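Both of the next two complexes hold subunit A, though its partner changes from subunit B to subunit C.
Showing the complex of A and B:
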């Protein structure tokens, strides 16, 4: 037994050092550094949004192809201004159009997913019927496929239904996305089967069981699905790009890259406005989000 | 019997939508992949042959494969390493949340900062130049044009890691949490060091997670198109022209024959990945 458990000398030595309590600080340090590295690029955004256009032009001149040397950045602007926000929020009526497009699309998709996805998830979790496993496997495959694979199929059906170039072209397929069904299903499977059995024996109907047991106890999965969907659809790019020709119907997420780096300050201001709701949902729904991601990986 | 049919009503609305928007049109694409799009004449496997003989297809397959070979092991390795470190930290929740933040950042926002960072005269090159000037021992610094040279693939892999590390850390942590704590503690009592408990207890216990996370990482590769497209457009540097670009560009050029064939080919490959995933996990 002793010989089987032999490790390389260097590894054993490393681990010996590791065991010391102090080394936990090293682990924390590495993880904190990784987290900081991941978050660092975002630090540019608030400063950029408040930076005067002239200052921005000066420090970004090399990137804009107007100067030698390298760009620099000021995390805190030397000449702060709310000019970009004024231009965006007061002087750009088109912005509101796009903003409400995004809000409307996201709201329509999320509520649609609740209406059709929630009962589907419940059906998979609570009932055994013929073909259930096959069907559920199909749902999982659909949720894992990239959008590009469904691009042509959806184009064909949207053409047939005369929905091309209509917001419904983005909304309807998203409503029937199988991903939220999967996440909500996972939430429901956490419910103890005995509770449902007991309710059935006591004469509860299927709808009652769904409303009074499924919904309250599967709350975490529902929240997780909504948070994941919000972050996904708030940031739609490919679908509107493929199916919406008129810019007036676009969501903000597709408009933002059109602004271009020559108006970086304005683009940063738009970024702030796009980011705030996403960060808000992220912060509020953090537990649900992490739970939802973990659902994807666990056996069951 | 009535209650049985009422049960199916739960599934019916969702399922009919899935049929209408996903399954039936997909079958239609399978059918069309054997037809000529103008007149609908049966052409056998001509469309498939056209795809395989296409130069852009060969390029895209090669690039997607290289991207996968570089991206998946790096993502898995880094996220596993971080989650092993994170596992016993008090601050775990905070740090995981910070790593997950990219999920909340719209692609366009990230692209804006990326453009400033990686431009040939951007911030990263500026910092590198400063460093190389301060340390005389280093060779003279030549500014790298990240997006228009072979470095493009490095940029794409880095943004893939940036975006997905937090996600995978959560999956690893879930796998680690499912391991029975007693075994590890018993081994510790018996004098096993960290290397031994990793080698003999944690690693074998995580074998299912390895597989699942590997397959999910592969699928994430195929899902990363947005950022690449936004930074580099429809026709990026040769090395970062992926299968997703090819499908998207054929769509814009209305080349539906070849697109149908490619859709079928790609979905078969991804279906194989998904089936492997499901067999392992019994979803």
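Showing the complex of A and C:
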């Protein structure tokens, strides 16, 4: 009786395998669905950028309140056109103005962060001094504060410094951002302390140690910080919107909101072009970025 | 590492393309941008010139009335023709005319003979009446003289008798006889005086009658000589005949050609070859010395510029003639206005068209802009050039500004608005259609 009720061992083993496979497939399905959901907007961009205006209007009719049902997106447009790109690249000087504003602003911020943040991070990583932990804690707190909290104080300070409605109003606070310091600090902490000690014993000065040991060995952290900063400041929206009144000083990220829903195809084309530098930077700094993100998780 | 280099190259290429396209798009943007010229409003007056084409019309036309009964051989002018003094208007049939002339001359000759005979008779009667008068006067004078002599003799006899007065103591019979004699003398003297008076009365009566006879004879002679004996109708008829003979004679000298006595323009021809002329006019014309009027039609907008009594300048196409005349009347007709100008006699001779020009200068307005600056934006409006901050930075753009139009001519307009100022830049010219808020660039000189 007992033997009839008890399943053979191999059967139990098979059930376990099947259950495990099911779970894997289920998890994979869920992940694929989530990935598709997340990537859907990205997939819409190239199709939308090449879509004819009339087709776009027909598809978006339910969204625009001009039709019933739901908008059904076509990944491949029926009437593809490069008209939006032609208009953007040839007939929209405003786009280029804002593009170069963004380039200039991002370059200034990244340069400033290298000048200001790099020594700070090295100091936190290489030296033990009184108040270091307090200062570093302050950095972390500042890093955690959302922009909305800092908005009013920054506004007041910028007004007092007569920097409101000037690109410096966006650039200067960003230069003194604490997040890249934190990333670079994490990169510098990965350097073996013995190497630096040996260098000191060999008579190397602190600047030499920084230049010849710190920078080469901590470059992945620096690159990661720069890539993350680039991605953040290339798409900066809140700060310029708050501190820059003149449209001529806006970055590209404020150009898209100016485009109405009736010009959705044009907006998609803008998105494609805006995306290209970010993709280049991401591709160039992908390794460093992965490592830098890993540093964030490493206990200091 | 190699892939990184490719990525860097790709990134650099992308940035280079973006840089080039920045300039390309900017150049295209600027090339499509309307170019404008501008000027600031100035204080000035508006000099308005109203120019209107019109027609010259004849006030009173003249008529040519031909000789009744003549046959038209050829009409030499047509309506609208211009003619000068001496221009042949038409010709009559000379054979027909000469036949009529010969008939009239025969009638005249017969009448002349008859008239001469009548005159002779009248003269004879006058002479005879005068002779009768003279004879009567002589005879009666002689008779009066005789009777007067007899009276004087009686008077002498009476005086003699009076000296023969009887003595106082003469008898009664003597006295009675003397007295009776005296009475007889008195009666005879009185009777003789009466006779003389009677003869004188008779003489006066006869002489009066003789005078009348002479007067009648002379009147008859005078009438015969002057033709009054024909009566008014007869005289008129004779005169008409004589006039017609004279006209026909004159016409025959011209070989039947009727020429214009003055210069003018033919308005209407009512005769044709082969037609026998009647009492009606055969041709109407406008005398160069006659009065004309100029008429033109102006719009309601133009009406504001002209008033009755205004002096206007008139010219006539094809002529160097220029005159200044005053407007006589302005009459509204079907939404437009007819302006009438009466021309002085002799003005616009031979002209059918004219151009009226009136120049008026307004008061000084604060803001005068070129009329090209005006456009319609639900009313009169101007485009004001101003700097505008946009994505591309500071750009020139135009803003439509509604203004009230005070006055204007072909070149300038006086406008007013509370926001208008003398330092504004008003767009006066552009090479593309403008819209409110559109970015523009200044015209390169």
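Here is the rule we use: the second predicted complex is superposed on the first by the 263 of 300 C-alpha atoms of A that agree within 3 Å, B and C clash if a C-alpha of one lies under 4 Å from a C-alpha of the other, contacts with A are read in each partner's own complex, and residues count from 1 in each chain.
Just so we're on the same page, a contact is a pair of C-beta atoms (placed from the backbone, for glycine too) under 8 Å apart; a residue touches a chain by one contact, two chains touch by 3 or more.
Note that the structure is a prediction, hence the values are computed from the model and not measured.
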| item | value |
| --- | --- |
| Fit or clash between subunit C and subunit B when superposed on subunit A | fit |
| Touching partner for A:82 - first (subunit B), second (subunit C), both, neither | neither |
| Which of subunit B and subunit C A:238 touches, first, second, both or neither | first |
| Subunit B versus subunit C as contact partner of A:33, first or second or both or neither | neither |
| First, second, both or neither for A:211, with subunit B first and subunit C second | neither |
| First, second, both or neither for A:193, with subunit B first and subunit C second | neither |
| Larger contact residue set on subunit A - subunit B or subunit C | B |
| Touched partner set for A:256, first subunit B, second subunit C, both or neither | first |
| Partner chain(s) touched by A:54 [first = subunit B, second = subunit C, both, neither] | neither |
| Closest Cα approach, subunit C to subunit B, once both complexes are overlaid on chain A (Å) | 16 |
| Subunit B and subunit C contact sites that coincide on subunit A, given as residue numbers | 281 |
| Subunit C residues touching subunit A - in the complex, by the definition given at the top | 4, 7-8, 10-11, 14-15, 18, 21-22, 24-26, 28-29, 389-394 |
| Of all residues in subunit A, those that touch subunit B in their complex | 5, 7-8, 11-12, 14-16, 18-19, 24, 27-28, 30-32, 34-36, 38-39, 41-42, 44-45, 60, 62-63, 67-73, 115-117, 119-120, 122-124, 127, 129, 135-142, 144-157, 172-173, 175-176, 178, 181, 205-207, 210, 231, 234-235, 237-238, 242, 253-254, 256-257, 261, 264, 267-268, 271, 274-275, 278-279, 281-282, 286, 289-290, 293-294, 296-300 |
| Contact footprint of subunit C on subunit A as seen in their complex | 89-100, 103, 246-248, 250, 255, 276-277, 280-281, 283-284 |
| Interfacial residue positions of subunit B with respect to subunit A in the complex | 3, 6-11, 13-15, 17-18, 20-26, 28-29, 32, 78, 82, 85-86, 88-89, 91, 95-117, 119, 121-123, 125-126, 129, 143, 162, 165-167, 170-171, 173-175, 178, 192-196, 199-200, 208-209, 212-213, 216, 219, 222-223, 225-226, 229-230, 243-244, 247-248, 251, 256, 259-260, 263, 266-267, 270-271, 273-275, 277-278, 281-283 |
